[in-house]
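What follows is a set of notes on a single structure, which appears directly below.
Think of it as A, B, C and D in the order they're written, each chain with its own count starting at 1.
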Amino acid sequence: MTLDLSQYMVRTDLALEAKELAERMHGAPIPGLNEDITEDDGIKVTRLDVLNESASMQIGRVQGHYVTIEVPALRNQDTGLQERVAATFVTEFTGFLDKIGITEDKKVLIVGLGNWNVTPDALGPLVVENALVTRHFYQLAPDQVAPGYREVSAIAPGVLGTTGIESSEIVQSIVERTKPDVIIAIDALASKSLDRLNTTIQIADIGIHPGSGIGNKRRGLTKEILGVPCIAIGVPTVCYASTIVNNTFDLLLKHFDQEHGGAGSGQTKQIMGLITELSEQERLGLVKEVLQPLGHDVIVTPKEIDEFIEDIANIIASGLNASLHKAVNADNVGAYTH
Amino acid sequence: MTLDLSQYMVRTDLALEAKELAERMHGAPIPGLNEDITEDDGIKVTRLDVLNESASMQIGRVQGHYVTIEVPALRNQDTGLQERVAATFVTEFTGFLDKIGITEDKKVLIVGLGNWNVTPDALGPLVVENALVTRHFYQLAPDQVAPGYREVSAIAPGVLGTTGIESSEIVQSIVERTKPDVIIAIDALASKSLDRLNTTIQIADIGIHPGSGIGNKRRGLTKEILGVPCIAIGVPTVCYASTIVNNTFDLLLKHFDQEHGGAGSGQTKQIMGLITELSEQERLGLVKEVLQPLGHDVIVTPKEIDEFIEDIANIIASGLNASLHKAVNADNVGAYTH
Amino acid sequence: MTLDLSQYMVRTDLALEAKELAERMHGAPIPGLNEDITEDDGIKVTRLDVLNESASMQIGRVQGHYVTIEVPALRNQDTGLQERVAATFVTEFTGFLDKIGITEDKKVLIVGLGNWNVTPDALGPLVVENALVTRHFYQLAPDQVAPGYREVSAIAPGVLGTTGIESSEIVQSIVERTKPDVIIAIDALASKSLDRLNTTIQIADIGIHPGSGIGNKRRGLTKEILGVPCIAIGVPTVCYASTIVNNTFDLLLKHFDQEHGGAGSGQTKQIMGLITELSEQERLGLVKEVLQPLGHDVIVTPKEIDEFIEDIANIIASGLNASLHKAVNADNVGAYTH
Amino acid sequence: MTLDLSQYMVRTDLALEAKELAERMHGAPIPGLNEDITEDDGIKVTRLDVLNESASMQIGRVQGHYVTIEVPALRNQDTGLQERVAATFVTEFTGFLDKIGITEDKKVLIVGLGNWNVTPDALGPLVVENALVTRHFYQLAPDQVAPGYREVSAIAPGVLGTTGIESSEIVQSIVERTKPDVIIAIDALASKSLDRLNTTIQIADIGIHPGSGIGNKRRGLTKEILGVPCIAIGVPTVCYASTIVNNTFDLLLKHFDQEHGGAGSGQTKQIMGLITELSEQERLGLVKEVLQPLGHDVIVTPKEIDEFIEDIANIIASGLNASLHKAVNADNVGAYTH
């Protein structure tokens, strides 16, 4: 789990949020960004390309391609919806591979980051468990592998606290030996927004960039380090108590603004005080300042996390299996996951 | 898990909080309350007796005996501390049984409320799994049971959503047939305070009183219903997002009061606005009003819940085993739990 | 798990085996038995009715209706086959309910016997976890339940060693209170034959009859005890080491008979010795005599038991859901199981 | 799990069995073997050194040091006994490290072979989960690590079917990068003897040698391959059905020999037939010949495997923690395992 340890910063892990934030501040569309949004019965897909260095700097996101699948109702555990999300994932991920030039002959290494024994952090290992791996067949008898498959391997490297070794070091050493053409890394994220918990999947070809805060000398999984492209699939599964508080402040502000004739009417400020004049970042800093010394800035996850994690892991694993192997399709995809 | 569904109410599940709240409003000690507090190196024990109807009404808690063990550092997973908490539990629970007249010959039925498959709600079933049950030996050959034991049975009745039957109906029917002398019910609670999550154990001889909100026709586990006394052991393991927000408001108020020369200085009000004039209850109502329509008043639990639940279940199970059976002591208590 | 503790006896838990055995000894079809066998691409279904007391005595099985689904390849974990077995289960179980007169308005209590924490014994609890229960909706607002459902509740009573209470006592007391019209009890069985492990499902309207051996005062789940019919669904998941040895002796005998011109050629006896002259029962007695004092008559289960149990529990749970509720069908049955 | 796929061979994985077998055939002690046996209240420890190539060839075991801890009663789940076994493990493992020259400054990589999701194969991953790893502290701030510890890392590489990569390839690539001085590999074994299941622990400085059968191109974990010594800790947790049958034949033979005046009296042969004249190997071949075509040579594990695996993993993990870190001792060893 990539916890952003950088204090006092409203850093969003999701590119589409960063873009919105930047455009709000900028007051106009930012050149060098290409955005395409489709929405279908509760499933919103945003495809965002950060095309040049200038756009990258303005939104504070690495240059690359981002696809975000947002499904606010995903926490309702509706099987029909889950199947539609899985189908959307297949379409989007297949398109994504095409777009960034990962052809059907490319060898894939799936990396499931996180910890088996901490439920909200078990997403990566669960996906690995259900991924359809084939590399050993290609190693043993490449001629005998049926058409419609590609060479896929998978690893759950564990977490630093359990192994004593950085995940990135483990992955790097396996990459050097097994020579995959592309890495797909799955990770549970800390959310910057309560409503994204277990409802959003982000796909991006930018790898894993560890936070830059103190105590975080992890080296990340990027093309620079690994020598091959790394696609990151991230799902927010936890958030800080302070995130919840900060989100609620926002909602309260909007609530009073609406009730009292719009922002700037002065009413909201009367009700909520000078706090309304703080930037979101300053407010979060204030909340953290109060919560942290008491040990109250706890990282939390929804009560139903056991099922949420299992559901999303299934969506991603079956989605990857169908995207990576042409021979796997809607009719047989269930056969490869548990 | 007993979730308090009664909306817009700062109902605390813990008697010691209710007493504090009442005395603050009352401005003086309340007659009919007997309180005894000891503190030992990070473990605070509060023994509170609610002696008469008048005191009961004033603090809004059923007449009875309450013991609360508070261990703020319990979330740090320090094994030494856990062992000391288990020892404290044995001392307090043994004393509690004495006080309410449950002698060594009384037959016990342990009831583990909650759901195996929802980690923060699995406390009860986990305690049952590790309880030392003996009833079957007494049924088979009562003469051959070694001294130092008593008749104990245990049941995890499951939850309404999985069984279609109220836990209380299941327990009632088993009580009618097996005729225990006393029930000990273990339940995970929704906390009214972020800092109590997985750090507090309450023992009370008042049974389980389900919330009185809509949709909550559960009948509870009380002496009136069961015909025998019911001791409730509760541990807060989840809380609402709105609880976190409300707790933080309090901390912010205190923070500004301290910074600016005490409550009533006017400064805090300037910073925090009219919201400071709301009662805690009104404020919580406001927060819920904003969060609930958006589906954001999520019930959350700490990220590390898997280990927390296991640790506390072990403390309670080994504590019960040593309290209920004289033959079980510090040297062999581990033999009965996993 | 109903372990047959009756020593030195080739007792088979499966009626179709008892019938074969009896007819072999009898040398002719037994009157009062009605058998109907169909086979479809690896799934063999035997419907056996034991119609009168005389037939019952001759095959040593309680009068009643038995359906056995045998799928030798079920251990291969082929998802397609599993789905076909689930469909077969629905057809057969629906027919079975019809045959014994359980109409669509009858209220059902599903009982999942066994132990959560012992994988090969977790079948019953796993089925309960995935059963679609509805009783609470009927209790709360019977008018508002959509058509196509019936009243179903479910309980996993635990095992004697964990609860100190006989499962049958727990079920009996719940039956008295909740008044279902029929019980469906799911249990993992000890197999009398290695090849039946996790490949056979027996449905019978005879309830659960505990073994009559020493130490086995369990009272069973039968119409006599419960007052309502009890359908038992059993799956062999474990067997004794002695069962494996005895099965292999048989195979060796057949092997040598085939090689050397049929039984009675004298050759087999020369190779296998006087042991060939023992009855199956005597031979099993001998094997147990040798293994037991050394603690070697271990109860074993296949190495892959974790997945086998999950697969079969899914087949039975989804099969029950579709059989009991008309509104559940092939398209949505997956929505109710995990 | 290292399943020996080499057909029709009584290959024992345990050196002490190989030695016995060889000496029985040889009729005299074999030079170049050093054996030292101690026995203490149900715990038998055999220390066997295979000192030269000639001895190695005669017993068919790699030259090296072997310690075997045999505890027939370990399956009884007696906590007291488990603690004594853990203490014995510490003494023996510490002595073993001394003997083979692994001093306190040597860096260790613990490798937990096997599969999380297959209970009898989860021993290795469970040990890794409970191992006290420290490498990251040494990497971050070597000066600040308290005395009494050494640099330990740990990895559970997964199994070929889940990763598509040989465990040995994964370990090799991590060794190349992290440069440990010694590997400790934990593996669940297929037993050649029913009574060894979950009762025997073998420690040997010979690494992991995969079977040489068809389909088994795994490369092993040996000093030759890894460049550093590899200590293997193996526990038999499964066996073939054919192993059970063959063991029972032996017991039957002994049984009749004893009854009828010793081996060679002719009586046993009369009872058991020509089969008595087969060598153990021939007999096993015969049994496999009969069972395999029917798919009956199932690999089995005791019914209680969930608890057995957890207990032995705890013994080994706490034993390793105390052996590798001087600062960990009997009083605090529990603090590092779950």
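Assume a residue touches a chain if its C-beta (ideal position, glycine included) is under 8 Å from a C-beta of that chain, and two chains touch if they have at least 3 such contacts.
Here the structure is a predicted model, which is why all the values come from computation and not from measurement.
Novice: Among the chains, which has its CA centre at the largest distance from chain A's?
Specialist: C
Novice: Could you label the chain A-chain B interface same or different, taking same to mean over half of its residue numbers are used by both chains?
Specialist: same
Novice: Report the inter-chain centroid distance for chain A and chain B in whole angstrom, where each centroid is the mean of the CA atoms.
Specialist: Taking the average C-alpha coordinate of chain A and of chain B, the gap between them is 37 Å.
Novice: What is the distance in Å between the mean C-alpha positions of chain B and chain D?
Specialist: Computed value for the inter-centroid distance: 46 Å.
Novice: Between chain A and chain D, what is the gap in Å from one C-alpha centre to the other?
Specialist: 42
Novice: Residues of chain C that touch two or more other chains: which are they?
Specialist: 117, 307
Novice: Residues of chain D touching chain A in their complex?
Specialist: Residue positions touching the partner: 116-117, 128-129, 133-136, 140, 151-158, 160-166, 169-170, 172-174, 176-178, 217.
Novice: What part of chain B is in contact with chain A in the complex they form?
Specialist: The touching residues are 72, 75, 117-121, 194-195, 197, 238, 241-242, 244-245, 247-248, 251-252, 255, 269-276, 286-287, 289-291, 294-296, 298-307.
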